[in-house]
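Next up, some structures in structure tokens.
Note that subunit A is present in both complexes that follow, paired respectively with subunit B and with subunit C.
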Partner chain A sequence: MVMEEKKFEGIDVLTLEGRFDAHTVGAVNKWLDEVTSKLPPQVMVNMEAVHFVDSAGLAALVRGMKRSRELGGNLVLYRIQQPVRIIFELTRLDKAFDIFDSEESATASFAIPYVMVN
Partner chain B sequence: MKSLNRKLRIAVITTHPPSKGTLNEYGFHFVKALRQKPEVEELILLLEELPDEQSYDFDESGAPVSVRQCWRFGDMTNTLRLVKAVRETKPDVVLFNIQFASFGSGKAAAALGLTAPTLIKAAGYPTVVLLHNIMETVDLNSAGFADSRLMSTLIRVFGNIMTRLLLKADLVALTIPKYVEILEHKYKAMNVILAPHGTFETPPMPNFELQDGPSRIMTFGKFGTYKKVEGLIEATDLLRKNGHPNVELVVAGSDSPNTPGYLENAARVYKDVSGITFTGYVPEEDVPGLFQDSAVVVFPYTSTTGSSGVLHQAGSYGKAVVLPDIGDLSELIAEEGYTGEFFEPANTDSLKEAIARLLDDPELRGQMGRQNYLASCGLPIDDVVDWYLLHIEELIKEREV
Partner chain C sequence: MSETHLTALTAELVNSQDQLIAMYELSQAMREKLNIIDAVDELAHLAARTMKAEAAAVILIIADRPTIISQYPEKSIQHNLLEDWLQKIQSSQYYILQNQTPDLNSLLALPVHLNGQISGALAIVNKVGGPMGSPDRKLGQAIANQAGAHLENVLFVERSVSEARLQTELQLARDVQVQLLPQYPPEVTGLDITAFSKPALHVGGDSYDFITQDSSQLHFCLGDVSGKGMSAALLMTMVRTTIRSAWRFNHHISPARVIDRTNTSLYDDFTETGMFATLFVADYNCDDSTLHYANAGHSPVIYRPKGGRARLLEADGVPVGVLTDSLVEDHSLLFEAGDLLVVCTDGLNEARNHAGDLFGHEKLLNLVDNLSDHTSEVITEKLMAAVSEFSADQPQADDQTLVVIRAVSK
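Moving on to the complex of A and B:
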């Protein structure tokens, strides 16, 4: 799995690519621990290039989301592709997360002006 | 999306040690994890009645616990008593940790108990059912619930009705994707979700080397219905007589509530076979040693009724396992990253060979143990409980809207 991090306007953005599973979850957990220690955590995860998520991957996202909300922030997901969306629906975690179709709408959920960042 | 701005009072209907009812281990670990969550204000445990000399004990850590002993295995009035207890305690949500035979071995008591989620929901309480098995995947004859094809068909029809009743709950959580698919397709259910079984503990990396001495084969569970020890005892005897004189077998656990006296009878029938120990009920504190001292953990099942907690335990202690090549267990192996040696159910030679392959090959055994350990680390029950809390919060928010 490939990870790419960026930050703008106080939002930490992580782009994932490939399989997000028990074997690759460690690095994401570490990143989430770091970014959710800042107040308030504002985290976006781009899932566009993720083609598989297992329970360990889902659990990492849930932990990050719970921790963010406990500290007054949020962790949102965007551009989830159909095979992965099915896993979210099967577990009904699609109801628990804020999920957006685009980076722009995900950014807007934090109520700050959207700026495209490469 | 905002979190719920208040803490929750959660009622849990489950078995819990020292009760020896099925799912008591799962109940213990689920409750333990739930108590540590900041979202929980109080846990109201609606538990099985215990004999006078026993009591439920909880330490101080975590959310406060109040216990009501308000149902009894096999009793016809369980549902009424549970509804009454819920009305009196007024929880924010009621969570069931059950399977189809949780409330009785008799068909009437079992069925009546399964009406509890429907009636509690009708009384106005959000209701979540964690259902560990579904009727569609249980081989009723092998599992000991039916002794003829006609009876099997009748129970199956009745099971469909009971499943529809259970699906009246706000949410029904299942531990295997296939179960979710079956209930969605067959019953057009919109309220079923996948919630992984989870692992009970994440112990430190186990020592995969075995101590010198006899090679211990171990089986753990509640025996008599679909968990049968006869073939395993005979396979052990064959091993001892054919090149493995130092093998010993530990049968750990007690009778299934559906088959009282089963293990006592097995011990009597096989009294002349040496190297066999029946431990009876294993207290929680003795479980780690039980697994650590074993070379191989065997699942002598003729059928399965759901995801196996014992498999997760064996994995967490880095153990090689021997499993029947049937239903859920082989699927669980594939889906959750476990591995094992397989045998043909009810074939003693096949079982003996599967055990021997592991005893004779320490490298294979170690490799399997390491893979099972990694698989068991996948998702701690602590995380699974977080998922339930998210679902519960959503349910409550929907109701409040």
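Moving on to the complex of A and C:
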């Protein structure tokens, strides 16, 4: 799996490509640990080129999302493609994450501070 | 032959004999030491004695362990010096032989090879009675080589023992996990139930549980913790315990509330371990032939009404451990003779064949339609056989758990 990081207007953006599973999750977890150590964490994950994700990959995203929100920020996903979309729908993780269709709308979501609603 | 020549030859012969005796002693002494630390201690001691030096030290770097340093006498050489010498030897692939350095009278540092790599060094310091030269270096290297071979054996034995111990522990853990599963399907009026679980490794993150009340009421759950192996198994055990407690404490608790309580109780544990668990909880009451259920992110859950088509019961809640509010709601279904509920973990639909194709939901749904007239036992067998046949000789990638519940006439 290929990983590409960039920073854009104070937001950490990660682009993933290929299979996102138990074998490839280590590097992503490391990156997430780093970017969620700054306050507040503002993280975007571009899922456009991810064609497979397993529970280890999902768990990594969940972990990053929880950490980000705990520290007053957020981790959002965008451009999730079909085979992976279904997995998010079946597990209802589409309710847990803020998911966007484009990089623009994902970026715009950070203009408004994230508020945890219990 | 001149007398000088003869004297020189004799000296060489005596020297060689000394060396042989020294090597033999080393070999004998080290053979008795079956752990790395003892072996290295013995080596330092013997090296100092054999080389007739004031001090000797051994430094070893082995993967996944802290650096091993042993010296005779103790604390004679600073650790950072030993580390420097080892680094020099590793980069130059050559020994160090120095006489009359500012700090030492003489220093001989030799590489110790483990499995073809320079993994350590044997340092001999301040030979008594003179400078060190080529004969010292030869003897020292012979000692280092001998030691290296012996240390390789010791490491091999240590690893084998540790492997065997791990296997035994995994086997024990598996035995416990198997014992924790319900030993027999529950007896409930109006239901025919079969359950089956096959972890990918020794232990896994899948599990299911049943509790009945006087054979007219059934509580059932099936869960899948993200990940595999020991950590997933431990989390799953906690989930089961929490659910059992909830049922025992309040027989009338609804499936959605059970999931909420599990989520609240274990949310922090899931956060700590970076995991989550999909969970399906159901109650069946014989008196009203109704199935009440709640689903936190779990699939596949297959429902087939008698005479109808099999379909997936979709989750509405998120998996346990993802959000502080699980968002699950209670649902109800009439569950009468001929109706079928098949709940399994995605190890079945995500099984792959050699071409990399997934078994998929379609196949599962079609199989359930085709097998609907059979007993739960036969349905279970045939579903597992179909998945097994599909994936043929591919290793099992994920835990596979399956529960089949068929409503029968009472």
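Convention: the second predicted complex is superposed on the first by the 111 of 118 C-alpha atoms of A that agree within 3 Å, B and C clash if a C-alpha of one lies under 4 Å from a C-alpha of the other, contacts with A are read in each partner's own complex, and residues count from 1 in each chain.
The working rule: a contact is a pair of C-beta atoms (placed from the backbone, for glycine too) under 8 Å apart; a residue touches a chain by one contact, two chains touch by 3 or more.
This is a predicted model, so every value here is computed, not measured.
Superposition of the two complexes onto subunit A shows a clash between subunit B and subunit C. Applying the stated contact rule after C-alpha superposition, one finds that A:98 touches subunit B and leaves subunit C untouched. When the two structures are aligned on the shared chain, A:56 is found in touch with subunit B and with subunit C. After overlaying the two complexes on the shared chain, residue contacts for A:90 are found with subunit B and with subunit C alike. Once the two complexes are laid over each other on the shared chain, residue contacts for A:66 go to subunit B and to subunit C alike.
Of the stretches 58-66, 148-156 or 274-282 listed for subunit B, only 148-156 runs into subunit C once the two complexes are overlaid on chain A.
Under the contact criterion defined above, the residues of subunit A that touch both subunit B in one complex and subunit C in the other are 22, 54-56, 59, 62-63, 66, 90-93, 95-96. Residues 224, 226-228, 271, 274-276, 278, 296-299, 314-319, 321-325, 327, 350 of subunit C are the ones that touch subunit A when the two sit in their complex. The touching residues of subunit B, when paired with subunit A in their complex, are 1-3, 38, 171, 177, 180, 193-196, 337, 374-375, 377-379, 383, 386-387, 390-391, 393-394.
Looking at the complex, you find that subunit A touches subunit C at residues 22, 29, 54-56, 58-60, 62-63, 66, 90-93, 95-96, 118. Partner subunit B is touched in their complex by these residues of subunit A: 22, 54-56, 59, 62-63, 66, 69-70, 74, 90-93, 95-98.
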